[in-house]
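Listed below are the structures to be examined.
There are two complexes below, and they share chain A, which is joined by chain B in the first and by chain C in the second.
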Partner chain A sequence: MRIIVAIKQVPETSKVKMDPETGTMQRAGLEAIINPLDLYAIETALRLKQAAGGLVTVLTMGPPKAESALREAVAMGCDDAVLLSDRRFGGADTWATAYTLAQAVRRMGDFDLIVCGERATDGDTGQVGPSLAAFLDLPLATYASKAEWMADGRLRVERLEEDGRQVLALPVPALITVVKEIASPRLPTLRGMKTAKALQIPVWGPEEIEADPGRIGLKGSPTRVVKIESPKLTRAAEMLPVGTQQELDDALARTCQFLRQIGIEPKNGGAA
Partner chain B sequence: MNPAGAVWTLSEYAHGRLQAVSFELLAWGRGLADELGVPLCAVVLGEHLPDSTLQALIHHGADLVLALEHPALAQFLVRPQAQVLRALVERYQPQVFLAAATTTGRTLMPYLSILVDAGLTADCTGLAIDPETRLLLQTRPAIGGNIMATIKTPEARPQMATVRPRSKQPLPVDPARNGCILRHPAEGMDLRADVEQLAFIPNPAQDGSIEEAEVIIAGGRAMKTATNFALLQKLAQLLGGSVGASRVPVDYGWQPYPRQIGLSGKTISPRLYIACGISGSIQHLAGIQTAEKIIAINKDPDAQIFQVADLGIVGDLFEVLPALIERLEQCLPAAD
Partner chain C sequence: MDFSLTSTQTSIQQMVRAFAAREVKPTAAVTDETCAFPRDNVQKMQRYGLMGMNVPTEFGGAGADDISYAIAVEELSKVCATTGVILSAHNSLFCDPLLKFGTPAQQEKYLIPAANGKTLGAFALTEPNAGTDAASQVTRARKVDGGYRLNGSKIFITNAGEADVYVVFAMTDPSKGTRGISAFILEKGWEGFSFGRVEEKMGIHGSSTRELIFQDVFIPQENLLGEEGKGFKIAMVTLDGGRIGIAAQAVGIAQGALDETIAYIKQREQFNQPISKFQAVQFTIADMQTQTSAARLLTYQAADAKTRGLPYSNLAAMAKLFASETAGFVTNKAVQLHGGYGYTREYPVERMMRDAKITEIYEGTSEVQRMVISSHAIG
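Coming up: the complex of A and B.
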């Protein structure tokens, strides 16, 4: 069995603070990490491999330094890795990214499953996974909160929707995108780190994956970013300190007045 | 009236009813269609689509409804739905095609964008027509709302976007509005499903999804235990809202993942957001940027959450919340 995990390297935003002067995020000098939501994809792939045997290959597209994300995934237990890196891949939107990944997957040969995170925390689109499934005409389940092999060889997936959970059976090869609820990601092991350090990671460009030059990078992207703005995140809060009983009463009176002003009235609970 | 070259919106029909967000999409689509001088067409897929349901789309602003019925469209399975939409798009060539940024829209549209070779912008909170180029301007928050990006699709058609729920009010219902219902035959379409739905497990009735809630009361680390969330539940009942959480209560298992708000959870746009004992990490703030009004309750006067709040209550939530609940109960209309 072969499982491919597609991941992305993103800026580490968890230690970021807001700039009190400008009210915007302080982004200078951020470290690059594996997209936190991709850790669940890696964990899912490793568990499905443990259940059925086989290999997990981790795949990413990015600048040369994205290699460190691949090594970290190998340290967690992935068996090998492929880096898609070339200037001509740069500026890709989700369409061109999915095309490039699809070409790489075709070059890799037979596989049983592709696992992706729900979305990346920087671009925040969640589009690459479903688009990759469309390019490869693979059975698709997004927002998977549970995935396990069935006796007949299909993958049983629980898919989170707004109103409930869809239980799906996917014939393989298939593609799933997973949510954080699916599993807790393991930590890298010492042995894994040794393997990761020694691993030769192939770097593929457009030629290696036989990509159409008109469908990769900025040139292959149907969408164009025409404007970027940094909105002020701050609002001017009216502060209500609650130390004494009097202050509490005043704060509650003001809160009730505020609710009325914005048209929110208390209702009889559960009487709907 | 013809769907060709029109502005299209995808109306989600699931579990025997139209999803509320479909009407919000029509409000967006109406403005764009008027600006472009083309009809607004609502597309609906399902097994049985009664006339009364399709009429509701016209009453909410559609000029025309393009409906396609087939047993293979009874459940949400990506492949048959996307292949049907591909056939319709290729036949009628809409200029613009919008869907909701729901689990359905965010699955189906990226898949479809590949089948029809079109660009797609995710989770837009603003849409407009560029007066010069007549192109669709698609504005969306990225990096967790820290930047707003405006995106165009210069050549590929249709210009596709998913639109965040609750980013616009539906139009007032006009029962006198006329429109045309076009029931499209399913013959010749590729309806093969590659995935089988084994079951659907609905959420318990009282758990409305937080993306659709008008009011959200969320708790953070300072809630201390799972049982303390009953306080938030009580307040949510009084204000007709839903309960959410920041990351810590979800990591500790006090609240399920679908209730998590922030960069690694849900992005929400309620009319009112009440943050209780949430310090306000940048990840959390990213998920609440588009809330209309924010009330924060926190013991720490320097908590970052106060920087984005409209009303900041500096106090112990275990003191403030019970008192607030008691006060709101006094304002309740007497039961008949």
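Coming up: the complex of A and C.
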């Protein structure tokens, strides 16, 4: 049994600040962490491994420092790791990323399951998991809130939907993306940290995964980001004293006037 | 000289801090209130590799250094001093002497399971009339065919009853004083080995503190730890290491109380402003912070010397003395800055103040530490 978990290293988003001038994220000094939603994917893979044995391989594409995310995943209990890192991978959108990951998975050989997080907390698209399934032509279950092996070797998956649950039996190999409800992620253990520190992590570039140079990185990305900006929110409050009857009447008149200004007609003409 | 933690030490700190916040803190008040041994925490510490964490990997441990171990005890004690001392007693007082003085067979049988966290260990030296004067032991091990017969009792033993394995000290030759003391490894459940009264204590309520009773307990020869007559030395060397654990526990209690207090003074308002705006409060925080940081540095220095194989007996005594008195000072001020609320069980600082006191007493009182330190200083 082999399970692959595809993860992403992201900036610690709870501390992200946007540069108001350029509309881009201020990345300097930000700690890089495993995408918090990917921790649930790792936990799911580890539990499935505990249930039926096998190996869990963790895979990521990113700059060389993304290796620390892989080591953390190994410290949690994953068995080995592969880093996809090369300048030519840089600037990839979700399409090029999914293609690159798919090529890496092909290079890895046989596997039973790929587990992804719901989405990354930085890009927030939720597209890479499903796209990876498409590139590899795998059965796909998104938003899984439960996953367990069935006696016949298929994977029973419960999908969380807005008004209920859908239960699927997936033939493997397959790909699932998981939501927070699936399991609470474990912490790294001391022994895991020791294993992680000693582990040799192979770094693959476009050649190792036989990637088409025109389909990776910025070159292979049809998406163009035109502009990113944070919406400006301003609030101006006007205080209306209502100590006397006159003041109350004036306040009502002013409120009705304001409502008409923004296109709302007070129902009874504003009478108190 | 480098005062920054290594990347491994930092990772261990982050891991144990997250573990303590998620797994230990939520039950700390209940553990205190019910005086129940937190078996769940012990099992979780095993799962995360903390039990026996500083035992080398070839003996089943996690192979962490002594600073990492001090950090772990500190982080646990920040939220629950009981859990901190369970780990400290198991690692410093059971695993350590087995590692240093055990035969390969003893290590195979007793150290590896303890370092894996499959068994819990304890250390039994103190007797009703042999506290600081550890040499006046009356527990007696008489040589018999194939081993020894043990009679007597021990009191105030941490992890007693809960632990599976015990390092026990006894007189093998009363005519020789301290050179007549020997160390033995005992298993819970042996015939004649039972547990007496459970102490009702001021603090560390969840830690099991009990009497051990030995009635004609047969100890096979292979369970003699170290040589016959070398028990006192084993006890003293073991306690040197234990003091690093207790110093770390005291630093943790102090830091925990300081963290609680800083959060409290920022939200507590009097005279239309948070009390953190008052200089008397600010200066108290400054003193609490300074002493806690100084205690931590002494503790890490002693731990570092131990890892490097340098003499650390004096450093450990200074760390334990200063850290435990700091824990007393800081928790007292923490209660004071919380005012009336601090005296209630609604806030954790009153528990921390009760827990702090024991650090000035066990594994050598502050007075014993002063004896050790002055003998190093004066000669």
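The criterion applied here is as follows: the second predicted complex is superposed on the first by the 218 of 272 C-alpha atoms of A that agree within 3 Å, B and C clash if a C-alpha of one lies under 4 Å from a C-alpha of the other, contacts with A are read in each partner's own complex, and residues count from 1 in each chain.
Assume a residue touches a chain if its C-beta (ideal position, glycine included) is under 8 Å from a C-beta of that chain, and two chains touch if they have at least 3 such contacts.
Just so we're clear, the structure is a prediction, and the values are computed from it rather than from any experiment.
Trainee: With both complexes superposed on chain A, which partner does A:214 reach: first (chain B), second (chain C), both or neither?
Mentor: Touch partners of A:214: none, neither chain B nor chain C.
Trainee: See if chain A has more residues touched by chain B or by chain C, and give me that chain.
Mentor: When the residues of chain A touched by each partner are counted, B comes out ahead.
Trainee: For A:98 in the superposed arrangement: first (chain B), second (chain C), both or neither?
Mentor: Once the two structures are laid over each other on A, A:98 reaches chain B alone.
Trainee: Show me the chain A residues, by the header's touch rule, that chain B contacts in one structure and chain C contacts in the other.
Mentor: In chain A, no position sits in both the chain B and chain C interfaces.
Trainee: Hey, which residues of chain B end up touching chain A in the complex?
Mentor: Per the stated touch rule, the residues are 14-15, 75-76, 78-79, 82, 102-104, 106-115, 117-123, 137, 141-156, 194-203, 206, 209, 211-212, 214-215, 234, 237-240, 256-258, 260, 263-265, 271-272, 281-283, 285, 289, 292-296, 301, 304, 306-316, 319-320, 323-324, 327-329, 331-333, 335.
Trainee: So in the complex, which bits of chain A are touching chain C?
Mentor: Touching chain C from chain A are residues 75, 187-194, 197.
Trainee: Touching residues of chain C toward chain A in the complex: what are they?
Mentor: Listed in rising order, the residues are 8, 11-12, 15, 18-19, 22, 47-50, 53, 57, 62-64.
Trainee: Looking at the complex, which residues from chain A come into contact with chain B?
Mentor: 11, 13-14, 16-18, 20, 23-25, 27, 36-37, 93-95, 98, 121-131, 133-135, 138-143, 145, 156, 158-171, 174, 179-181, 221-231, 233-235, 237-243, 248, 251-252, 254-256, 258-259, 262-272
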